[in-house]
Structure formats: structure tokens, C-alpha cells
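Two complexes come next, and they have one chain in common, chain A, joined by chain B in the first and chain C in the second.
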Partner chain A sequence: MRSEIAGKPSFAHIKLAMEPGETVRAEAGAMVSRSPQIRPRATFNGGFFTALLLRIFGGESLFVNWFTAEAPGELVLTQPAPGDVLELDLKGNELCLTEGSLIAATAGVDIGVAWAGFASWIGGEGLFRLTVSGRGKVWLGGFGALVAIDVHSPLTIDTGHLVAYEPTISLRTRMSGGIFTSLAGGEGLVMEATGPGRVWLQTRNLDAFAGWISPYLPG
Partner chain B sequence: MQIDLVNRPSATAAIVRMSRGERFVAEPGAMIAMSTRFSLDTDTRGGGLMGGIKRMFSGESFFQNTFVAQDDGQELVLAPTLPGDVEILPLRGGRLLVQRGAWMGSGDGVTTKTTNQGLTVGLFGGQGLFWIECTGEGPVLVATFGAISAVDIDGEFIVDTSHVVAHEDTLQLAVTKANDSLLGSFVGGEGLALRVTGRGRMWLQSHNPTDFGRTLDPLLPARKG
Partner chain C sequence: MQGVFDSTLPDGRAPATLSVRGGALVATLAGEASSDAVELALPLVGLQLEIGGADGHVVFCRHPDHPGRVLHGRGAEMRALLLPHVGAADQALLERKLREGPRSIWGPIAGFAVGLVLVLWLLTRSAGLFVGMLPMSVDQTLGAAAKPLVLADATGKVVTEPAVRGPVDAIMARIVASSAMPELGYDLTIVRSETVNAFAMPGGYVVVFTGLLKQIETPDQLAAVLAHEWTHVTDRHGMRSVAQSLGVIAVIELALGDVTGVLGSAVELFSLSQVRSYGRELEEASDAEAVRILARGGWDPGAVAGFFASLAAHSPSSEAPEALAWLSTHPSHAERVAAAQALAKRPDVRTLRDSAPDAPKVDWGALRAALRSEGEAKAPAADAKAAEEESR
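Take a look at the complex of A and B:
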């Protein structure tokens, strides 16, 4: 399978040249176009109970589409928000994802949920976290550009900007400063990531954008 | 006339470089800057009252602006409202069908009119009942939310309903299930798709404004009234 990320960084989308027998799992609604020889199949997101768990705690869709090439062809996938797409190779390692960042993965990648803790929940990232593991390619999307940071000493991250992190990263939520700074400084709660490990951040935040655009919307 | 696209694909603007006497028709509001030696005609371009009204059905404006260069070396800068891409579609005597709302401008040799692609594509094709038909010769500028890419189709091709920007009329569109089963199409989130057959070029947009709206909507703070 050859893959190309076109339209970087603001309208990134995934172009896959697929060979016979290759399969890609994509989020519901991610398909832009396909050759007719690439057949879609909708299934529960990993069995009924897993799907329910992923839906409720991982923010995933209940169903996913599997695209299998019967003959060579092209599949184009995208995400709802304008932003960048990151392709990562899993070689038996695991990654943790925040809600909404997974776009697609090749067939050898396992998707599951793991307990993330109350700190994550307070930080707006959910009680559970989505994990991807196994072997294959994973495509992640974000609003804005995506930035990878290697965390050696603790890193403070604004809530709503975390896209993915390695499982060696531990997260906790704290106020951005004292009570006054936290409430009046516009930063409120922040997350603190302790490594060593890598985190991926998005440079824009959909919640903040929604708040910004709201007064301009008619009605 | 020469057109350059700058700042692709997220903030694309078209710079139309024109010589004396050349004319360019643009969507009202698309001009963001221009040289001083232009004259501007605002009318329905021969379509009369009905032409203007029909154009409003296809998501365009009642009037169109024609920019006429009064001197050599004049520059007209056009840009859409949305963050997104602009593409130049060359027309050489064929017929192009452009998605409702995507047309941003065209050379004076291009005639635009409102048309439809049949009731099924109109109602279920996700692009509205009306399309803009471009005939004649010259450049056509289209603008969309997302990056634009061209696909040369020979045979059959499946595209999500909200991603078609424009296509040559040698291609036929039909509404189909996105999946083998009807249930799979809907639970898989793809719903209906367009089955494109024939031989010709189609332009697609990488992003879907409806999906972005759905993602953004639950995040919007509740508003009064």
C-alpha cells in the first residue's frame, strides 16, 4: 500500500494506492472517493460490546468501515476539521489517542480502550482513552497543524490540544497558576505530561474555535 | 489573460492578469483587490430577470460583475469567503457542471446558466437540485472548503456525495448506496454516494462542510433566543 498525505497542513487528506487483498479500517464518514474495486463493509467497531465501549468511553463511532481492495485501486479518506494528518508506523508498540483523532488504520492494528483516570476526565479528555497497538499504519488527524514534542522534563499542555501520546507518558490535570491566574488568565485547567515519551499536539482547538465563532453566527 | 493561484490550498487567491479590453466575470464579493484601470459592469449578463432569479436557485448571486481592463498590465485579485482552495478549470468548447455555490468567476467567453442533473441526483446527491452549467471557451474559477484535486475517470468511480466540485459532462452521475448493503451504508456513516460513469475529468474537494458543521455544532455555546 502506498500512501500520500495531500493538502498539508491545513486540508490534509489521505490518498491510498491499494493492492489486492489489502484492508483499511476507517471511521464512519471518512471516505471521499474510491475506485469501484475497493469494496466497503460496515461492521461494529470490534464486536458489539467493544463497539459500545468505544462509543461510550472512546468517543468512537459505533460502526466502522472496512475497505478491501479486490484489484489495485485508490481510496481517499479525510477528517471533518481542516487540519493536518499524521501517518504513524506501529511496530508492536502502543499509542494512546484522544477522542476524535483516529481517522484510519491498516488491518493489523488493534483498537481498544484503557482507563485514563479522573485527571484526564477533569482535563476534558475523557475517563477512558483510546489505544492503538499491533503492527501497521495509523492515520491521525487534528484541527490545525500537528506538532510532535519529546517530553523529557514535565510539559504543560493546554486542554483540548492533545492528540496522541506514548503510553510511557503520564498525565495529570492542574490549574494553570493560582486561583486568580487560572480563572482570569484564560488558561483555566492545563495538563501536565511527564515522560520520557512523545506527545502530539494540535495547534488549534475546536472548543475554542466554536466559542470564537459563536457570536458571529446569525440566529 | 493569465491566472496565478497563490497561497494554496487553505487561503487560495486568484490573481487575474489582464490586458486592455479583456473582460472577466466574477461573483459579487469575490474581488479583494484590483489595479486602478478597471471599469465594472454589474448586470445579469444577458440573462435578464429570469437569468438572475435562476442563478439565485443555484446558490449564486442575482447579479454578476464584469471587470473590464482599460489598460494593459491590470491585476484583479479574487478570493472566496471560505478558507479553502481555488482551481482553474479550462473550458475548450465542452460543457462543465459546477457544484452549487462553487463558481467564483470565469472568462468573458464562458456562458453560465443554471441547470439540474435529474431529480434523483438533485434530491439525494447532496449538492442541491441546481448546478451551474458552463459552456464556451475560457477559464472557470471554482472555490471550495478543502483542497481541490482532479480525477480522470474512465469507466466507473465512487465518490461521497458532498465532495464533488465540478465535472465534465461526458461523465454521468447516479445515486447509489455507499456500501453493498443499504443497512451498511447508513450505519457505516457513508449513506448514499455518487456512482460516476463515463470518461472525463472530475474535481473533488478534500473536506466536507456538512461534516465540519456536525463536528462543530455540539461545541457551540447555547445562544439566547
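Take a look at the complex of A and C:
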């Protein structure tokens, strides 16, 4: 499978040149276009209970689409937010994802839910986190540009910007400063990531954007 | 999931398999072929352990002689691998932090569900207590705002005729005077409609439909219904429902004078008929208080039970479902009637009754006559329409 991410960074989408027998798992609604020889099949996201779990706690869709190529063809996938798409290769390692960042993965990738803790919940990243492991490619989407940062000394991240992180990263939620700085500085709660490991951040925050645009919305 | 961070690796990191060999912790990196395998090691002597990571079960191994190299693995696997080879302090660390494997998510999910149920339960329990701390003026604000919405369909149907209004007003005034809040003003509206219903809104807004008045046989029974509804006001059952449905925060905002968003929702909620039924516990509390009000006001305290019996007997359930409006929000079951009957016979209630003044004199015959003539004067079609609107 050859993959290309076009339209970077604002309107990034994934173009996959698929060979016969190759399968890609994509979130419901992620498809833009496909060749006729690429067959879609919708299933529960895992079993029924796993799907429910992923839906409620992982922010994933209840159903997923499996696209299988019967003959060489092209599949184009995208994400709802205007922003960049990142392709990551899993070689037996694991990644933790925040809600809604997964777009697609190749067939060898396992997707699961793990307890993230109350700190993560307060930090706006959900009580549970999605994990991807195994071998293959995963595509992640973000709002704005996506940047990777290698964490050596503790890194402070504003809530709503974290997209993915390696399992060697530990996260803590705390106030950005004292009470006054936290409230007046507009930072409120922040996450503190401790390494070693890598985090991927999105440069725009959907909540902040929604807040910024809401005065202009009618009604 | 095991791996290594090292500055010499192309990406600074790689998945690896960890093992202990020749006095060292060795990370073996899988290459394209087995001959390509790369090994990165840390001596066991002087090995520094740290536990952290996203799930708190990742063991990081460092050595002062190899800065920039970190071998890591997770949970029970790592514990088994390292335990025989590390010092007592590190053994204790591994034992303490890795006693359980990575947490199953079912525990937290169950905990979350239990917590949610507990919070809801507490909210239900604390609603009464909380509402008790608010000034009565909040109830009045809500009731005043809800009244026009609830009575939106009643335009032109409000009964002002003295023959009807006079007796109901007189009975209502005595009930208020005999209740727990004698100084609270009431606002009585009689609506011309076949619906057999009456309800009260927070703050003292009482609505009675002529359909109910027609079914009532004695002034004592009318007093029973009104006393029951008035108890919803004085015991603030409506506010409790609002507190439970919209949350305590919403009620605080209401108390602070937010008469836009929260009040709007509260009013909307209240205008839905289901909120006019307060659940078995509160309905029975209202019955009990109604019995006492009747006794204090000079009526027959047995009229509460009597009213249920007469209403059930009169309800032509099949032909006019709207006739059941009051019954549907006030399910009459044997236990409830029996409880009201038993209470009416209690000595303390009898004592209240004996020391009470005579019930207010009302011209019941004139009221019945006025209601009868009204029924005849009205076009049947309009009547049916009104009933349909009310039943919605």
C-alpha cells in the first residue's frame, strides 16, 4: 500500500493506493472517494460491547468501515476538522490517542480502550484513552497543524491540544499557575507531560475555536 | 510493550525485547534479518529504576554510564525480569508499584456508574433540603412566569362568574389560613374545561378546571383537592422537581435572579404535565397534610379518601380519557385511600377537627346550578376541542 497525504497542512487528506487483498479500517464518515474495486464493509467497532465502549469512552464511531481492495485501486480518506493528518508506523509499539484523533489504520493494528484516570478527565482528555498497537500504519487527524515534540524535561501542554502520546509519557493535570494566573491568563488547567517519549500536539483547539466563533452564530 | 530510547538510534527510539544476560539488561532490536539484530545494554550494577508512564506501570531503566539510553518495559513482565537482579530498595519499589497489572477498565466503568447513581440519589435526597434554604420569592418568580405559559390555551376560558368563583375562593382562603403558610397569598384561576384536573404551581398559583368542579359532590371534597394541591405549594414540591431535573446549580442561578435561561427551562419543564405529578412519596405527603388542613379548617378530614372513591366511581374511563387527568397524575390505589382514611380517624386529627371553627359557608347549590347552565350554553364542538387541548 502506498500512501500520500495531500492538501497539507490545512486540508490534509489521505490518498491510499491499495493492492489486492489489502484492508484499511476507517472511522465512519472518513471516506471521501474510492475506486469501484475497493469494497466497503461496515461492522461494529470490535464486538458490540467494545464498540459501545469505544463510542462512549473513546469518542470513536459505533461502526467502522473496512475497505478491502479486490483489485488495485485508490481510496481517499479525510477527517472532519480542517487540519493536518499524520501517518505513523507501528512496529510492535503502542500509542495512546485522545478522543477523536484516529482516522484510519491498516488491518494489523489493534485498537483498545484503557483507563486514563480522573486527572485526564479533568484535563479535558476523557476518562479513557484509546490505544493503538501492533504492526501497521495509523493515520491521525488534528485541528490545525500537528507537531511532534520529544519530551525530555516536563512539558506543559494546554488542555485540548494533545492528540497522541507514547505510553512512556506520564500525564498530570494541574493549574497553569496560581489561582489568579490560571483564571486570568486564560490557561486554566494544563497538562504536564513527563517523558521520556514523544507527544503529538494540534496547534488549534476546537473548544477555543468554538468559543471564538460562537458570538457570530445566529440564534 | 518493551522498547529503548537511545540517541544513536535513527528515530531516537525503537521497540525492543528486554532480557537479562551476563550481568546486564539487554534490549534486542528486531532488524530485517536476525543477523541485523542490534543490542543495547545497561549494566545491572548501578541500574536506576523509575516507574511512570501513561498507565503508571512503565519501568524505566537508566545507568549513569550510558546517559541518553533508557530501556523500558511494562508491568508484571518487567517485575519478573528485574526482581531477581536488583537491590532490596528497587525490589520494594517494583513490588509496591507493580503489585497489580495494568488496571482493567471494567472496575473504573463500574465505579463511574455507581458514582453517577450515587450523585443522582444524593441530588434527589438533598433537593428538599436545598429548596428549603431558598426564599419563597424564588417560587413566586417561577410560578408567575409559568402561569401565562401553562394557561396559554385558556385564553377566554377563565371563569369569573361570582356563583362559581365565590365558593371556590372562600374554600381556598380557609385552606390557606389553615395551612403551614397562612400568610402566603394565593392566585386562583378557574378554567372552563371538561378536563377533570386541578394543579398548583410554585409560589401559590392554583388552577382548577370546571370539569373537576362538576364531578365533586361536596364542599368538603373540593376542600380536599385544593388542600392537597396547596400542600404542593407550601411543601415546595414543584421547586424540588425543578431542583432535581435541572440540577441544584440551576436553582442557585434562579435564586440569584437569572430569569432568562434557567427560568425559561424551569417554566418549560413545569408546563409539561409530568412535572405536576411529584411521585408517590410526595403525593402521599400531600394527602396527609391535606387531611390535617381539612381538620383545622373545619371540614370532614375523611373527605380526602372520599374524593378518591367518588372520582374513581365517576370516571367514564373509556369515553373520555381526559377525565382521568387528575387521576393520571395522582394514581389512586387502595393503599393510598386506606392511608388517608386511617389518618382521618387518628385521635390527634379528630382533636384538630373538634377545636376548629365551622367550615366556611358556601352556596354549593348555586355553584352546581351555574356549572350546569354553563355546560348547556356551551357548544359541544368547542367543548370537545377544549378538552382535547387540555389533554395534550
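Following the convention adopted for this analysis, the second predicted complex is superposed on the first by the 219 of 219 C-alpha atoms of A that agree within 3 Å, B and C clash if a C-alpha of one lies under 4 Å from a C-alpha of the other, contacts with A are read in each partner's own complex, and residues count from 1 in each chain.
Criterion: a contact is a pair of C-beta atoms (placed from the backbone, for glycine too) under 8 Å apart; a residue touches a chain by one contact, two chains touch by 3 or more.
Since the structure is predicted, the reported quantities are computational estimates derived from the model, not experimental observations.
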Exercise for the section: Kindly classify A:D207 by the partners it touches after superposition: chain B alone (first), chain C alone (second), both, or neither? Expected result: first
Exercise for the section: For A:C96, decide between first (touching chain B), second (touching chain C), both and neither. Expected result: second
Exercise for the section: Report for A:K137: first if it touches chain B alone, second if chain C alone, otherwise both or neither. Expected result: neither
Handout entry: Greater residue coverage of chain A in the superposed arrangement, chain B or chain C
Key = B
Practice task
Could you tell me if A:S61 is touching chain B, chain C, both of them or neither one (first, second, both, neither)?
Solution key: first
Exercise for the section: State whether A:S170 touches chain B only (first), chain C only (second), both chains, or neither. Expected result: second
Exercise for the section: Go through the superposed model and pick first if A:S35 touches only chain B, second if only chain C, both, or neither. Expected result: first
Handout entry: chain C residues touching chain A - in the complex, by the definition given at the top
Key = 1, 3, 5, 12-15, 30, 52-56, 58, 60, 70, 72, 74, 102-105, 107-109, 112
Problem - Footprint of chain C on chain A - complex, ascending - result: 53, 57, 91-94, 96, 113-116, 127-129, 133, 150, 165-171, 194, 196-198
Handout entry: Residues of chain A defined as touching chain B within the complex
Key = 6-7, 10-13, 27-36, 39-42, 61-65, 76, 78-82, 100, 206-207, 209-211, 213-214, 217, 219
Problem - Touch list for chain B against partner chain A, complex - result: 9-11, 83-85, 145-147, 149, 151, 155-160, 163, 178-181, 183-185, 187-190, 193, 195, 204, 206-208, 211-212, 214-216, 219-221, 223
